[in-house]
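The structure follows.
Here the chain labels run A, B and C in written order, and each chain numbers its own residues starting at 1.
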Amino acid sequence: MSGTDSAESATRLSAHFDATIAHDQRIEPRDWMPDGYRATLVRQIAQHAHSEIIGMQPEGEWITKAPSLRRKAILFAKVQDEAGHGLYLYSAAETLGIDRDELTERLLQGRQKYSSIFNYPTLSFADVGVIGWFVDGAAICNQVPLCRSSYGPYARAMVRVCKEESFHQRQGFELLLTMMRGTEAQRAQVQDAVDRWWWPSLMMFGPPDDDSPNSAQSMAWKIKRHSNDELRRRFVDMTVPQAEFLGVTLPDPELRWNEERGTHDFGTPDYAELMRVIKGDGPCNAQRMERRTKAHEDGAWVREAAAAHAAKQQALRETTKEGTAA
Amino acid sequence: MSSSWPLYEVFVRGKRGLNHVHVGSLHAADERMALTNARDLYTRRNEGVSIWVVRSDAITASTPDEKDPFFSPSGDKVYRHPTFYAIPDDVPHI
Amino acid sequence: MSSDDDHVYLSLAEGHADDARWAFGTGFEDPLHGVDTTLPPGVDAGALTALCLALADDALVAAQRLAQWITLAPELEEEVALANIGLDLLGQARLLYARAGQAEGAGRDEDALAYFRDQADFRNVVLAELPNGDFAHCVVKLLLLSSWRLAELTGLTEHPDPVLAAVARKGVSELTYHRDHAAQWVVRLGDGTEESARRTSAALAELWPYRAELYAAAPQTRDEVEAVLAQVLDAAHLSAPTDAPTATASGRSGEHTEHLAELLAELQSVARADPEATW
């Protein structure tokens, strides 16, 4: 094929891609897509998948200590869901032509990130409730629009994730409600957890819009549907009445309803802290990565053994087949 | 020898009377593990649903986009891998 | 934000019918639906209480050990599988504790029985409380426990107490799956690589003697369990360790290792820190 032909076909493919996006149609795995679109998706979906897997750790620590069998079953099922969500998302990433092994390597080498929120410690059982309420609530704000993301496999994975995520948020809120009706010590634990998780939860939406270089392109490609600040505001508006219902105080003196704008005014999260935590300097970064690395390394001989057994079985089947044929 | 497990595509029939529908993929060392994992992951072990698993590299797929110059119409893998686009430097006029 | 998003968001709040799975492991139906929970005449309440408690303790302690595997499984798909098994066992424990409490008639609910009894009151077999080792240890222990529990619960599906019989029926379908999962893994590891065969043999050598306690607790299970184990080991190209005459562990009489003390300390820590608290 000549140089001119290939340039023409590239233009045609690119125009076709743009038209598909413009018509709000989904891009599917075998479609042509710009390299930047593919790379952005791989980064975002992988980061999302890693977050689900690393996110099992802070709550996972409390399954063995849950104070009632009902809470134990709920938390166990929730942490299991997170493993499932990670798998749905890795599966979506793999449709872009990248192997899960490669993504795991990138995580373990620190070349890909996961949500900063999971680098904070869980200090009491109330944290389980607050994580459900704030962190899963923020995740829902982020993820519901992703159900309409332009990349088909990602959008479909998100529909499944969002459905289960709503369980997570409700179980968290219900735990806090129960604790607030319990003893004085329990109420104090809830307020303490709220104080510790509020600002990191606001940071989950990422840097402010004027400092988020990739956002505009992601929105043009309809990978992302709303800006960081828009989603953050939505989360605050959603959470304030819930906090009043619970009877806890959100630790922000600037937080108040703005009648004119029909939304809440609130303080600015410490974005320098966010950057520190993302760069690896949060309270639990090392611990989280260490545990993930240990699981991966300790599991190597198991994965190898299963692959070896499968190969032997395959060889055996082929021998049998040849024997029958002869 | 490679210790990474191959990718399987998973198809689930949610209830009688419906077709199997593609729901996603997973990794497993062998077919049996793929079925077990699929049941655990995609159906939460709901009894009575039927699951198919098939190795992703065993699926032949058509190319819906006729304008696509890269593929012959006879079919290809289910995913298009970016490595496909890695063209050696010494091939002229591409 | 668009009304489209609101619509998706609202739809998430609908349809909570599958809430049941949060309370009862991975089962989708209430196993006690339509079952009369009054204690039938002729059933010895004391014996029923003891039986339910022992079976519940086995399940709770085994589930706790599986919970300790979470985030450490050799592959992500296996995290999901181990959690499913743990959730099944936890679900069984809850139903059995509840029944034990009803039969006992002293007003103790599932949490009173799980969180406010001491080590000497626990009746689980010692095999269940042994600390976790490597993944070979995990699947060999699971094979022994699930083969035995499946045989025992199968026998209980005809129990005169309709509640216990219903719980046993639910358990049988779950344990069939657990045993199958464990057996598949033992075969893979036994046949896989030199290292996996060595590790699996080591796990067998450590855990094999604990069968004696299982058979002492439920003698009728012996033939079935031995046949299953022989079949699995054969397929895995592993040989059964020779039975050495060692003292039989006796968790059913309340004799436990220090490992149970540790396990219970963790399990009960939050509940006991504030006994007045509601969860």
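Rule of thumb we're sticking to: a residue touches a chain if its C-beta (ideal position, glycine included) is under 8 Å from a C-beta of that chain, and two chains touch if they have at least 3 such contacts.
Going by UniProt, the chains are A = Ring-1,2-phenylacetyl-CoA epoxidase subunit PaaA; B = Ring-1,2-phenylacetyl-CoA epoxidase subunit PaaB; C = Ring-1,2-phenylacetyl-CoA epoxidase subunit PaaC.
In this text, all values refer to a predicted model and were calculated from it rather than measured experimentally.
Looking at which of A-C and B-C shares more C-beta pairs in contact, the answer is the pair A-C.
A simple rule picks the central chain: find each chain's mean C-alpha point, then take the one closest to the mean of all protein C-alpha atoms, which gives A.
Centre-to-centre separation between chain A and chain B, using Cα means, comes to 24 Å. Chain A and chain C have CA centres that are 31 Å apart. Averaging Cα coordinates per chain places chain B and chain C 35 Å apart.
In chain A, the residues touching two or more other chains are 84, 87, 300, 303-304, 306-309.
Shown for chain C are the residues in touch with two or more other chains, namely 21, 75, 77, 80, 84, 188.
Residues of chain B in contact with two or more other chains: 5, 26-27, 29, 33, 41. Across the complex, chain C meets chain A through its residues 1, 4-5, 8-9, 12-13, 21-25, 60, 64, 67-68, 70-77, 79-80, 83-84, 86-87, 90-91, 93-94, 97, 110-111, 114-115, 134-135, 187-189, 191-193, 195-196, 199, 266-267, 269-271, 274, 276-279. Of all the residues in chain A, the ones that touch chain B in their complex are 1-3, 5-6, 9, 12-13, 16, 29-32, 35, 38, 84, 87-88, 91-92, 94-101, 156-157, 300, 303-304, 306-311, 313.
The touching residues of chain B, when paired with chain C in their complex, are 5, 26-29, 32-33, 36-37, 40-41, 44-47. Interface residues of chain C facing chain B in the complex, by the touch rule stated above, are 21, 26, 28, 75, 77, 80-81, 84, 173, 177, 180-181, 184, 188.
Interface residues of chain A facing chain C in the complex, by the touch rule stated above, are 53, 56-57, 60, 63-74, 76-77, 79-80, 83-84, 86-87, 90, 125, 140, 144-145, 147-148, 162-163, 165-167, 171, 175, 178-179, 181-183, 185-186, 225-226, 230, 234, 291-292, 294-295, 298-309, 312.
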